[in-house]
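Next come two complexes built around chain A: one with chain B, the other with chain C.
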Partner chain A sequence: MATGTRARPQGQARWRARDRRRGPARSRRLATATLVVLGLAVLLVPLVARLDQSQVDLHSASLPPGLAHPFGTDEMGRDVLLRVVYGLRVSLLVGLVAAAVSATIGTLVGLAAGTLGGMADRVLMRVVDGFNSVPHLLFGIFIVALFSPGATAVVVSVGLTHWMTAARIVRSEVLTLRSRPFVDAAISAGSGRTRIVLRHFLPHLGPHIALTAVLMVPHAVWHETALSFLGLGLPPHLASLGNMINDGARSLLAGDWWPSLFPGLFLFLPTLAISSLAQHWRDRSDPRRRSELQL
Partner chain B sequence: MIRALARMAAWRLLFAVPLLFAVTMGMFALAKASPFDPVRQYLGDRALTTSPEIAERIRANWGLDRPLIEQYLTWLGNLVRGDLGDSRSLHRPVAEVIGDRLGWTLLAVGCALVLMLAGSLVAGVAAAWRRGSWLDRVITGTAYANEAAPVFWTGLLVIWLFAVKLRWLPSGGLTDAASTTVEPGDVLRHMVLPVAVLAFSQSSWLVLFVRESLIGTLREDFVIGARARGLRERTVILRHALRSALLPFITLVGARVPELVTGAILVESVFSWPGVASASVQAALSADFPLLAALTLLATLAVVAGSLLADTAYVFADPRVRVLGVS
Partner chain C sequence: MLRADGVTVAYDRHRVLDRVAIAVPPGVVTGLAGPSGCGKSSLARVLALLLRPSAGRVSVDGTEVRRWRHRAAPALRTTVALIFQQPRLAVDPRFTLLDIVAEPLRVARLPLDRAERLAEEMGLTPDLLVRRPHEVSDGQLQRACVARALTLRPRYVICDEMTTMLDASTQALLVGRLEEYRRESGAGVLAISHDTELLDRWCGPDSTVHRLGPSEDLPGE
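Presenting the complex of A and B:
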């Protein structure tokens, strides 16, 4: 929303006044700016960087942050800033794919449960409960441990542990859609179940699924980072945020804080930005919260 | 009421049995689909020099040549009888490994839970009481930031500050590396950081929940009534509003056991705490199926027990349920 000082009727301006308190607007702009800067860095830095992120230079190992290396160098003499950007790129890519996988699984299960109803619904929802009863990280560790480690195992492990939220959301949306008149009309006009799902349910579900998937990306990135940190994720030579924090932990006891601080910061800042934007969006879309903001 | 409670517990257990059954089946299926060969893993480097006949004999000994269903039923039967098998990476019975480590995990997680509940109650009430003040902003801001910070990263920063820089507390382990005995004072010093980090990392949602819930309750009629009767502000908030605001919170704490397990895995790994949660990581790194399966099952049991305990506590806490019974 625009935040300028456009002229508006007196009453409305007062009504909106509290909603435009400087705090939330500022934090919203800060969150957007963070995401834009990080997004640009992830996209552009690998194109323009003159240094090689994996280049080992033992002469400049473990240098504290300075002019030549703004985030310092790790114990192998690699530039931490460059590696962090590459790491975010890798973690984000894995997170995006994993979020897409889990949103797809969730959508299929939720659609099946909501559309079929009855026994199928009950069984599928019990399956969702069952999956929720096993701690996600432990289940992820279990999957990764038994398959050869690597990006695929991480994506599968995140996909299999995060689809339940999407399934619940899609199911409840389908249940409300089912009672809408246009669905009755489609049934009276002779549409079959498949057609109703494809032509009537899916287009309505689209925005919900997209939002769920976007909100799942930080979770997926977190999950990947945690697995990599434990040594169970991406191969150790690859610069991912989790691998870097894991590497940094080793030099931490020698007093080098920068190799572990910055990768974590690059995970922490975007997560905070996304959650603050999501919070704002939720506040705006929930009428009770909105009235609370305005009063 | 006891009968209603028993009925609820029986229902939950009835759900837990097929759940645990499904978990064992899922784990077994995953293990069978995995490309790891347990015999080869058992032999390690010797796999290259061992003759195929001997490998076959080990396979037959372990029953790996029998049909899958039979293997599963044998494994399940052993599990039910309490024989959890041998850990392949630690070369000890799984039951022994868990017996050695479970106590340390329960100690650390228990202390963290108490600290987390007490700390978040105080912080949440303070934030709701002084809503909109700088205190409220600091508390909610910290909670949101904490929610976004990965616990293993927070743990590392805490180690850097308190163990490396200030040298106040040890960076990890159960006792000093040089000591051969387990002294309570030594363990206590080693416990401070992991317990504090685990409690802090789990507290943010609780602080936000207590704050939201209390703010909502403060608008209710009975609170306005209490204020109108001229009661002190402290009495109104602590005796009237908070008691009602905390009801849903009991169920929520029970539902957070999975997150607690996740937090314990990461915190125990960061601080090299010798508990069961960090054992699961070690088991995973060496594809130790018997140990990993037992630990996953243990965690699932903890989740089921957590929600059952929370529901039981709810029955005692909510007078409406206590008098009218469980619906």
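Presenting the complex of A and C:
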């Protein structure tokens, strides 16, 4: 009797544990497959496509999705599928570079604040607070307005408005590392500050910085899209997801849903896949979280 | 002589050391005993120039210490070596055992062959030296830490509860190696432990064993 009452919760717990394990594994496989397919499309389609994504064909304007044009055509008769692939390529590239720029700035500021401590730390963290208090998009628009529209302006805008998260993460990790006995041992062995940063801090920070940068990519892609949608990002002739959604918004009034739906879908899918994989990576890289997941 | 006079260390409102004086002469073993939480490790960190005291003076061979941690001159820092209580926390988990032993030599830009020789003297075989801390036992790791502490031939060695977590044979090996080093180099050793029997055995009848009392909270405002 006692054994029976104990066995049931154990069985349920086992099923729940199995579901917990399988759920993330399924979404991880789906995310990986999505990224592989999109990555191959972005790399291979421009090589094998016989159509020109910027070729205007007014006779084929605003055609709905069909066999000749699976995602339809826009109001200028350009193939939406081809432009979506080119747009994704541009948006992802801008997103990757912008994420790398913001992670680099954040790492340098966080390292300086955490390592120097004292007044330098207080001043740098107030600068971070100051940047955080300004709405990102508004500040991004201001920065873009200083440059001529283009990929560089977007990268600078995203880089300068998104480094604060990386700075906070790196600083808090450095503060933890600073109080570890192995850092004391290195100081006792004669190591200077630079050596401690290069040999002890940076290798420990590597996974945190990489994860922050990866999580930044979807955000940067959205930021680029928002700027391009507002007409402040990449030049209108260049296919980017933001430009396409902006162009497609006009067609929506005429009842043409496809020029804006497909770029929106291709913005949503990779960002969701990258976020899902990055969260999995974060869970695996944290030993405490990993042991919780195994329970 | 490694000397601390009137050293006070307080963390927020909790005073762990109150005007403590200690002298570690070269060539002999000095003992430091006291219950847990009485400030033994804080005093060890002060003497190893890793913790600036709230008040008091520390001098190494007559040179008064005015800067601490990485701000202190490397030559002064390497005069005093500290062996930590928990070897697993005292090593960078990404380093191999050889990297751990050789770190002071790399910093000082000296040939690394000395690290291998010292590791061998501590019973660390070449197959152990390529392993990382999570692949070896606490005893093997502490042997690497002792080898690291001796690489630059310090004038003073502070052993902060060095053998607390280890079995009797490893304890004997580490104490024996340090005694050998002390006799050969004339270095001063400060042995810190809550185990008074170990201190009595190690220090011998002629050495001084200092005792620290329990720490106290500072009076509120």
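The rule is simple: the second predicted complex is superposed on the first by the 253 of 295 C-alpha atoms of A that agree within 3 Å, B and C clash if a C-alpha of one lies under 4 Å from a C-alpha of the other, contacts with A are read in each partner's own complex, and residues count from 1 in each chain.
As a working rule, a residue touches a chain if its C-beta (ideal position, glycine included) is under 8 Å from a C-beta of that chain, and two chains touch if they have at least 3 such contacts.
For clarity, every value in this text was computed on a predicted model and none was experimentally measured.
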Contacts of A:S260 with chain B and chain C, given as first, second, both or neither: first
Touching partner for A:R83 - first (chain B), second (chain C), both, neither: neither
Touching partner for A:S148 - first (chain B), second (chain C), both, neither: first
First, second, both or neither for A:R171, with chain B first and chain C second: neither
Chain B versus chain C as contact partner of A:N132, first or second or both or neither: first
Partner chain in contact with A:A185 - chain B first, chain C second, else both or neither: second
Contacts of A:I245 with chain B and chain C, given as first, second, both or neither: first
Broader residue contact with chain A after superposition on the shared chain, chain B or chain C: B
Contacts of A:H69 with chain B and chain C, given as first, second, both or neither: neither
Touching residues on chain B, where the partner in the complex is chain A: 19, 22-23, 27, 30-31, 33-36, 144-145, 147-150, 152-153, 156-157, 159-160, 163-165, 171, 257-259, 261-262, 265-266, 269-270, 280-281, 283-285, 287, 289, 292, 295-296, 299-300, 303-304
Touching residues on chain A, where the partner in the complex is chain B: 129-130, 132-139, 141-148, 218, 222, 225-226, 229-232, 245, 248-249, 252-253, 255, 257, 260-261, 264, 267-268, 271-272, 275-276, 279
Contact set on chain A toward chain C in their complex: 180-182, 184-193, 195-196, 199-200, 203-204
Parts of chain C lying in touch with chain A, wherever the complex brings them together: 45, 48-50, 69-70, 74-75, 77-78, 80-82, 84, 86, 89-94, 103-104, 107-108, 145, 148, 151-152
